[in-house]
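Take a look at the structures below.
In the two complexes that follow, subunit A is the common piece, with subunit B as its partner first and subunit C second.
What follows is the complex of A and B.
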């Protein structure tokens, strides 16, 4: 085993140890468990966005739509259909993935800024549906009147509603499955092909790779994972509102990915952690937190375009 | 019923004119510099607020002339110190930067002028309806259409007949060659950015008389402008104009028959256009 592989394994181990032990060390550094839950959920969303952005090289700026669809899918299932967390999760993921799959063919032929613009604009459709369809979605007030349900595993019941630690580990298990699947896909020949497309699309095309189809599949995979995050986000808050679908939310995901480092697997998670902490701190300190978040965007772009992990890696190399 | 439909078509036309004015500015900047200016809506709001502040001193006409110029000046400063650094880099970065700027501007206007909607006085002779039957035909609305038409006409005049305009069009096609021919591309991009922001500022002054003045006015107009560009075709300014008017009228008509789909209809149109003609109605093949 060479040194870089060893470093990689050590980094992976460190991330998992920190995540697994979060409920125990977070209170000591002044955090609370919901903050950790938000980091994990939004981190998953940012990692899904980065699947496209960093590993396929496609500039998607509209992932809030599929995040929000996952959230509304989960919330509405529990509210109207079956009071079961698992069913909500499944429906939410299906909703986001299906919407992505349907919209995919319309956009995969576009590239660069054009792709970004169309994904942003499409995201808004779902926002307006959630906003306007008052009697079903709750409109601007959000979807109220439901909570996540205790998990019934057959042999035992886990009360994820009242036991915050149980809920944290529930989130972490789903996070682990998703992230593991993502890593597995990226390591497969398909994942390598995506990276080849990112590096040189024309060459990939000349090699006979059906580029558009690969981008479509990558887009759907990314939408699927982001809707997992969305469904978890709804369960976390016991509430969904249209802002989860708004285009500013997409920008948040992208800045998390960029801040942490688009070229590294764990980068977006780190970016999400910083973003969540900063937002939590600012919104408790000042009414004008929006300016500070905006300023943060500007500073990241000007001074950290490679992200934190990218900068560290550069220094080491 | 006819009256209602006419009213909404006319309304849609006016809203569409705003979209078009916004989208033309966005398009100019996008075509020459490859920057999606998320802060465009913010500059629109600034145009409106500057006009509001100037109104007591210079009157409506003074505000209408001065405010867009000041907004454009501000835009050039922003371009000089922030956006210029990102030319030639991945478009992701300029996207994120202007995204952050949009936040800062929206929050900044809220901080300076307050979150509540401010009253904006247009000259009284412009407000009275011109006709009893068609109550919606106020002078101000006709006036807005006239100003937008003038602005669009002026823009196309500049692009067709002036040296700056010819250089902008040439740069859109092949910036490298333009640079090799001895044109200062930095200044060209600055002027072009200023021109785009001028249109946003002008739209801002006109919009506040119609839609009211609040900090979120910009962010509510930016998405339709994107749709206008996509529907009309990226890279084509006449297409952008057409796209803006088209989606404005379409949402106007939808308001009559299915009010809750007013906003959604333009996205449906966009999906339809992308399905049949991915480059947009008047877009060139293979540009993006």
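What follows is the complex of A and C.
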């Protein structure tokens, strides 16, 4: 095994150890478990956005739509249909993925800023539906009157509602499956065609890759995982409101991905961690916390164009 | 049967007629050169054959199939591969990765999320073979963007070959190269043609290369067909001399 593969394995091991042990070390550094849960959930969302941005070369500014559909799908299922966390999760993921699959063909022919603008536009459609359809979605007040349900595994029941550690590990298991699937796809022949499209679309096309179709598949995969994150986000808060669908939420995901490093697999997770921590700390100090996050973002982009993890990797190499 | 039949194609960009009613027939195993002064429409003609543009009129038949309106990727599946005037590669990937992608596409694996051990071995072997053929073995692990212009060109040609094409189209393969690099690429093309029995159509400005390689030459001028023939015929053609040297000659 060469040095770079060794570094990669060491980095992966470090990430998983930190995540697995988070409920134990987080309180010692002044954190609390819900903060860790937010990092993992938003990290998954940012990694999904980055599946498109960093590995296919397509910038979506509308992923909050599928994140929000996952969230509303989960919340509304538990509120109106079946009081089951598993069912909520499944419906949420299906809702977000299906919406992505249907909208995909309308946008995949666009590139660059046009793609980004149209993804925002479609995202806003869902926002306004959630905002205006008061008697079903709860409108501006959000979807209330439900909580995540204890997990029934057949042989035992896990109380993820009252036991925060159990809920954290529930999230982490789903995160691990999602992230593992993404890594798997990226290392496959299909994943390499995505990187080919990112690197040089014209060359990819003339190597016999039907670029639009591959971008569509990548888009659907990305929407699927961001709706997983959205469903988890609803379960985490026991609440959904239209802001989960708003375009600024999409912007936050992009900021997280770029902040952490969009060419590195774990970069967006690091970006999400920084974002959540800054938000948690700064919002207790000032109402204008977003301007400080923005300033930090500008500095990172100026001095570390490949994000924080990208800069660290360069230093190690 | 002819491998490629281009019948009376034209391409208009607004009022500009870039390619005006040009026909060309390429036989299997032939090496055809297309030459002409700047602005003759050579690259546009190439782009019509490979599907970068759709012709305004005329048709293109490849191996008995009408491909006039097929997308570029589909024409690749039919057996056409091309390189570009300005090298088109994946600069941040290594040479090996650059070659691996087209090998996987050509093996019909592009949508696969999982590779069997046997497939993986086959792909690696094919990549190794292509690396050797392009004299790139010792640079296999370097990002191709860091390599010399000549090596980038060789990589691009090998990427096209990785697709196992029946027709290889090369757009100015020696553009911007020094004498040694030009010689190396010329030898490579010659080997592909003579030993590999590959049908090749190339656009070239360097007349030494053209006359060294080509079985037949087609000359274009200002979007129009000017002449076609063997290298000695073209060298003796008055119209061609006029087009290249101007009216005074």
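The rule we apply is simple: the second predicted complex is superposed on the first by the 314 of 317 C-alpha atoms of A that agree within 3 Å, B and C clash if a C-alpha of one lies under 4 Å from a C-alpha of the other, contacts with A are read in each partner's own complex, and residues count from 1 in each chain.
Simple rule for what comes next: a contact is a pair of C-beta atoms (placed from the backbone, for glycine too) under 8 Å apart; a residue touches a chain by one contact, two chains touch by 3 or more.
Note that the structure is predicted; figures quoted are calculated from it, not measured.
Visitor: Spot which of subunit B and subunit C makes contact with more residues of subunit A, would you?
Guide: So, of the two partners, B touches more residues of subunit A.
Visitor: In the overlay, answer first, second, both or neither for which of subunit B and subunit C A:165 touches.
Guide: neither
Visitor: Figure out whether A:133 sits in contact with subunit B (first) or subunit C (second), or with both, or with neither.
Guide: first
Visitor: Scan A:202 for contacts with subunit B and subunit C and give back first, second, both or neither.
Guide: second
Visitor: Let me test your reading of the model: by the given contact rule, A:193 touches which partner, first (subunit B), second (subunit C), both or neither?
Guide: So A:193 only meets subunit C here.
Visitor: Quick one: classify A:184 as touching subunit B (first), subunit C (second), both or neither.
Guide: Once the two structures are laid over each other on A, A:184 reaches subunit C alone.
Visitor: Scan A:295 for contacts with subunit B and subunit C and give back first, second, both or neither.
Guide: After superposition on chain A, A:295 lies in contact with subunit B alone.
Visitor: Is A:211 contacted by the first partner subunit B, the second partner subunit C, both or neither?
Guide: second
Visitor: Pick out the shared contact residues on subunit A: the ones touching subunit B in one complex and subunit C in the other.
Guide: No residue sits in both footprints.
Visitor: Write out the stretch or stretches of subunit B touching subunit A in their complex.
Guide: 30, 34, 36, 82, 85-86, 89-93, 95-97, 99-108, 110-111, 223, 226-227, 229-230, 234, 260-261, 263-264, 267-268, 270-271, 274-275, 278, 288
Visitor: In the complex of these two chains, what residues of subunit A are touching subunit B?
Guide: Per the touch definition, subunit A meets subunit B at residues 53, 59, 61, 103, 106-107, 109-114, 116-118, 120-122, 124-125, 128-129, 132-133, 247-248, 251, 254-255, 258, 288, 290-291, 293-298, 300-302, 305.
Visitor: Give the list of subunit A residues in touch with subunit C in this complex.
Guide: Those residues of subunit A that touch subunit C are 184-185, 188-193, 195-196, 199-200, 202-211, 214, 217.
Visitor: How about subunit C: which of its residues touch subunit A in the complex?
Guide: Of all residues in subunit C, those touching subunit A are 50, 71-74, 76-77, 81-82, 84, 88-93, 97, 100-102, 104-106, 109-115, 159, 163.
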